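Presented sequentially are two complexes of chain A, the first with chain B as partner and the second with chain C.
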Partner chain A sequence: MSGLRIAEQVRWAVEAAGVVLIHGATGETIAVGYPRAAIWDFLTRGEDCERIAAKLCAIAALEPAAARKLVFETVVQWREAGLIGG
Partner chain B sequence: MANISLTSACNRECAYCFAGAERRLGVSHMSVATFERALDFLERSGIGEARLLGGEPTLHPEFPRLAGMAIARGLRVRVFSNGRMPEPALRWLESHPPESVAVLINVAAGDARQARALERLGNRVTLGLNIHSSAFDPGFLLDLIREYGLSPSLRFGLAHPSADASNRFLHPVHYQAVGTRLAGFLTAAREAGVEPSFDCGFVPCMFPPGSLEALGGAARDIGTRCSPVLDILPGGEVVSCYPLGALAREPLSDSDTAGALRGRFTARFAGYRKLGVFRECAVCQAPCHHGCLAASMQRLRPAASTVAKAEPTPARRWVIPYVDQPLAFWERIESEHGPHIREVYFPLPTEVAGSGRPPQPSAQLESFLKRSRLPRAVLVNPITLPQPVEEIAPPIIEALKRLIGEFGISSATVANLLLAARIRDALPALPLAASVLMDIAQPNQALMLKGICDTLVPASRVMRDLPALEALRAAFPGRIRLIVNEACLPGCPYRVQHFHEMGWGLARPGSLCEELLEREPWMRLTGAWVLPQHLHWLDGLADDWKLAGRVTLRDAPTYRRVLGAYVHRRALAPHEIGGGPASPIEPVEIDEEFYARTLRCGRRCHECTVCREYYDEGRSAASVRDSKRPVALEA
Partner chain C sequence: MPSVVFAVPVFDKWLVYAPLHRVAALVNRAALAEFPEQLCTALAEPPEPEPLPREGPVNPPFLGLVPTRACNLSCAYCGFGATPCGEQMDLALAAAAVDWMADYAARAGRRTLDVHFFGGEPFAAPDVVDMAVHRTRAAAAEKGLLPRLEVATNGVYSEARARFVGDYFDTVVLSFDGFRAVHDRHRGCFDQVAATARALAASPAELCLRICVAQDNVEQLAETVDWFAQEFQPCSIDFETLQPTPESERAGLRPPDPYAFAAQFLSARRVATEHGVEPVYAAAVTEQPRLTFCPVGNDTLIVNPDGRVSACYLQERDWQARGLDLNLGRLGSDGGLELPLEDVERLRRLVADKPRCRNCFCRWSCAGGCQVNHSYPGCSLAYDDCCIQTRLITACSLLDGLGQEALSGELVAEPAQMRRLALWPSDRLEDLRGAA
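And then the complex of A and B:
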């Protein structure tokens, strides 16, 4: 999964406990805690899912398989919610 | 509560005005018919007060008539003014008793044009202060209340950002400094019998522990005031409040009530309410609405166009000097700070015109120009040229063409405006910067650069003068570049001859400020420098930062240390920044409050002892510190 794109109307802010995503059109707000907040952060920096999973292993002390599962499930969920495309 | 904005016209140019976006659309006055509808709306909503604002509401050509219409409906009138009122409006206000008319005048220290209204309106007036900097000094408010017999009350507001952040606003990072300063002042105010009140956006955590309790009822609203106030604009539209006006507005209907409108605006922004002005707000349990919504929304980041481009790229803002170091040094600079570096500047070869400084080592320059990937720019800035401009311009232009062709020079800095014009004619694609030596310090001078210079490096005498920089920012449409470590004395009378001697062959030029500084060493604290930790005071006033120091930063470790500190805003002392001859030479610590104070002091050194005392205290503190250092035992 590469070439992901943050949806045009999504804005986000870093919070003490993660990130908050806001859909500009609907006003819907999603609070994302760690370690999923880190996935969002890496996505906005242009990382692809494989690299994000590798980094999560280190920063969230996850097994490679668990990290990969978390990243892919999260991305699918965000895609369905219209937060990312691509 | 709802406000009626009678006009977008204003006779003051406050950099912090959050109605600026409306005002830039042009002057518009509310029609009498629209005002009637606004009064209907107030009545329908059960609101007993007509709050008239602007722009400057008294500049509405029919202000007395409109205010009279509100009184005729039995409404109390409250006018939000800057105090610079035309005579008819002032006469109308003073002819009505304080029970039916109140005036809130937002004051600025030393604004003589407000005095007439204060004198004539007396106890109808409550003073207001919009805080847009943590360096504010509210002490003059109590003096004004006493002097003019004003209402013993004060209203404090915070300068909030408009949705596009085009105004100067108080960034939440300064809230604690503001709260601390306010807490100290409010104790004195209450002792003087003056009751403070707070407009929207104040949060409890900006005040020192315990200080809110001491304020009693005045603190009641702190933390809970951010909701749709409803501003009715001159054209008849309604916005939640001015700062959010660009995001949502509705026409003033003939059936709506304030409650219904507030409900719709509240729902419109409900999602954003989860934000707060600080990232810690999300986990804070205090009974607080987390500050101004418009300020909170400034924390939001936009969607990236593609994730591949989403890596936040630091703006290329730093313009740094060439020093004669091997290519490896420049590669290291590139790897450490590359995305921050806008240009590396070097002098035009001396045989043409030079840069007005003694020649510096340049053995490695060609290698740098040929092989470094850092953008490079050229200086053509002797303070005086050795020949008339028309004679010297052609060879300079030829030299520039060669540098552009061979090395891809990206811009030039020029100290002579006529020469700049000739270069612009010959090389229209080459961006030009007006050198600090053009001594541009006033808006009228900035206008002279129009069509010729793309970047302005303001005179060093305004480097520590925020009002002057704000005026230049407003007057000059291009980029503003501030030199952070030059350290010359403001308006130095030795400067022209010193630069002349430097430019024309004297390796150790005279005409220096040394003797003066021996007599008055404290003057070193007044120089044109800003420490890395204080750059934030100038954010919004500068597009680029320039590091001087082709001589003082020649040593590679010093260069890297100073550049790294400035880029990452790590603290340095003034003697460590590689400044010029007027730099502080002793390790004086410069605290935030002192520095901020000098940014708006107006350089009235003849009647002020702040720098003098600070310097003396700083030196004795340093000597005490030194005397307490453990003495190293010899091996």
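And then the complex of A and C:
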């Protein structure tokens, strides 16, 4: 998956334990811990899922397949929640 | 009578300083012979213990990571010999380093997990930094620690990278030498560095601007600080004088005259303070008596791209040229850390032996400065430029603390008086009383 972008109405704040996402339209606040907080950072910087998965292997000590699964599942979930588009 | 009291001349008076009592006073010659009651009372209190080399198992205040020695700039004064395409740290090695420090911090009952990035330019190895930053934050979250990330950087990268730095680092030390003409002569890429400084100013990170002071910008320090404070609102501004290298000589850049630097720093410091910005000349910090002002002797573990663990972030060849071995051990990608305690203890003892500092009132604040460039074994016993500027700045800081700002201003306006104080042969009170 490439060309993903953060939804316009979403704001976020980096915190010690991860990131906090704020959905501007619904007012919902979502705390994202590690390792998914790293996925959010790379998405905000426009990186594609394959590259994010490769980085996640080292960040979270995951096997490549597990890292790839986590990234793709997370992206699907965030897309369904209206946090990312593309 | 306490054992360690210093006195240095300030015009016809004497600045008395007992660092282990945290006591300073300005007295006349008569009072020097027989202290006034108030001073005697203050000095009758038990002093703090003299700083001694650390003991026991290694206890690093932070983990230093050098993701690469490569750099995307070729600063005119840089002696690192960095190129844009140098060796980068293996990701597994960086992960092992972070994991080691996280385990250590948790075992030691720390509240924070402190990781500092040096270079080269750390962001010349962006994937290593990305990985290490997130691994640190993940490990801290898992172990209930607060991540504390710091980076020393040149600021020459994209806006997106600058946003990442501002969001994920707690402290950013940005090299910025001043106005366009100076910065471009020293380092280049003024516009990009200014853009990064603006991005960092708008971020949650604590921004520290580091000025390399040379002959060509020493007279502009106060104006530079005024501009920095208004334009970038840094938390602090760090002043470091140029360390001469063959490269700086070729570029015609020279260290400032130490007397001029002391005077200009003090002017700049006043401007910074008016703006609420902390001015820092690291060798003149008197808050806590210390034996070393840098990572050497402090148990800091700095992991290099090749897995070498050293106590100093300078290049190995720099300290070898001074006859020093500042290596502590080696870290493997499997997480195995070889760290012989005898090497740690060797460096702890090294910082305690600085003959030039014995009679200097700055001995436990400056602590001899840089072990490699200034207080290396066999260095001259005479005060050098670094000693001169540090002695003057420290004396003026103590005077300012006594409410004697006018006197410190007069002192740095009088070259003969500055020389007298800076080159005073022994500051120990007993030597002065003995001579009298």
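Operating definition for what follows: the second predicted complex is superposed on the first by the 86 of 86 C-alpha atoms of A that agree within 3 Å, B and C clash if a C-alpha of one lies under 4 Å from a C-alpha of the other, contacts with A are read in each partner's own complex, and residues count from 1 in each chain.
Here, contacts are C-beta pairs under 8 Å (C-beta built on N, C-alpha and C of every residue); 3 or more make two chains touch, one makes a residue touch a chain.
In this text, all values refer to a predicted model and were calculated from it rather than measured experimentally.
K.L.:
With both structures lined up on chain A, is it a clash or a fit for chain B and chain C?
P.N.:
Overlaying the two structures gives a clash between chain B and chain C.
K.L.:
Now for A:Ala37: first (chain B), second (chain C), both, or neither, which partner does it touch?
P.N.:
A:Ala37 contacts chain C only, not chain B.
K.L.:
Have a look at where A:Lys55 lands relative to chain B and chain C in the superposition and call it first, second, both or neither.
P.N.:
A:Lys55 contacts chain C only, not chain B.
K.L.:
Specify the partner with more touching residues on chain A, choosing between chain B and chain C.
P.N.:
Counting residues of chain A touched by each partner, the higher count goes to B.
K.L.:
Once the shared chain is lined up, is A:Arg11 touching chain B (first), chain C (second), both, or neither of them?
P.N.:
The first partner, chain B, only.
K.L.:
Now for A:Gly46: first (chain B), second (chain C), both, or neither, which partner does it touch?
P.N.:
The answer is both, since A:Gly46 touches chain B and chain C.
K.L.:
Should A:Ala66 be classified as contacting the first partner (chain B), the second (chain C), both, or neither?
P.N.:
neither
K.L.:
I'd like to know which partner A:Gly27 touches here: chain B for first, chain C for second, both or neither.
P.N.:
Only chain B is touched by A:Gly27; chain C is not.
K.L.:
Where on chain A do the contacts with chain B and the contacts with chain C coincide?
P.N.:
After superposing on chain A, chain A residues 14, 16-17, 45-46 contact both chain B and chain C.
K.L.:
Within the complex, which stretch of chain C touches chain A?
P.N.:
Counting only chain C, the residues touching chain A are 91-92, 94-95, 127, 130-131, 134-135, 137-138, 140-142, 146-147, 160, 164, 167-168, 204.
K.L.:
Using the touch definition from the top, list the residues of chain A that touch chain C in their complex.
P.N.:
Per the touch definition, chain A meets chain C at residues 14, 16-18, 33-35, 37-38, 41-42, 45-46, 55, 58-61.
K.L.:
How about chain B: which of its residues touch chain A in the complex?
P.N.:
That would be residues 268-272, 274-275, 279-283, 299-312 of chain B.
K.L.:
Which part of chain A faces chain B closely enough to touch in the complex?
P.N.:
Those in contact with chain B are residues 3-17, 20, 22-23, 26-29, 31, 43-47, 86.
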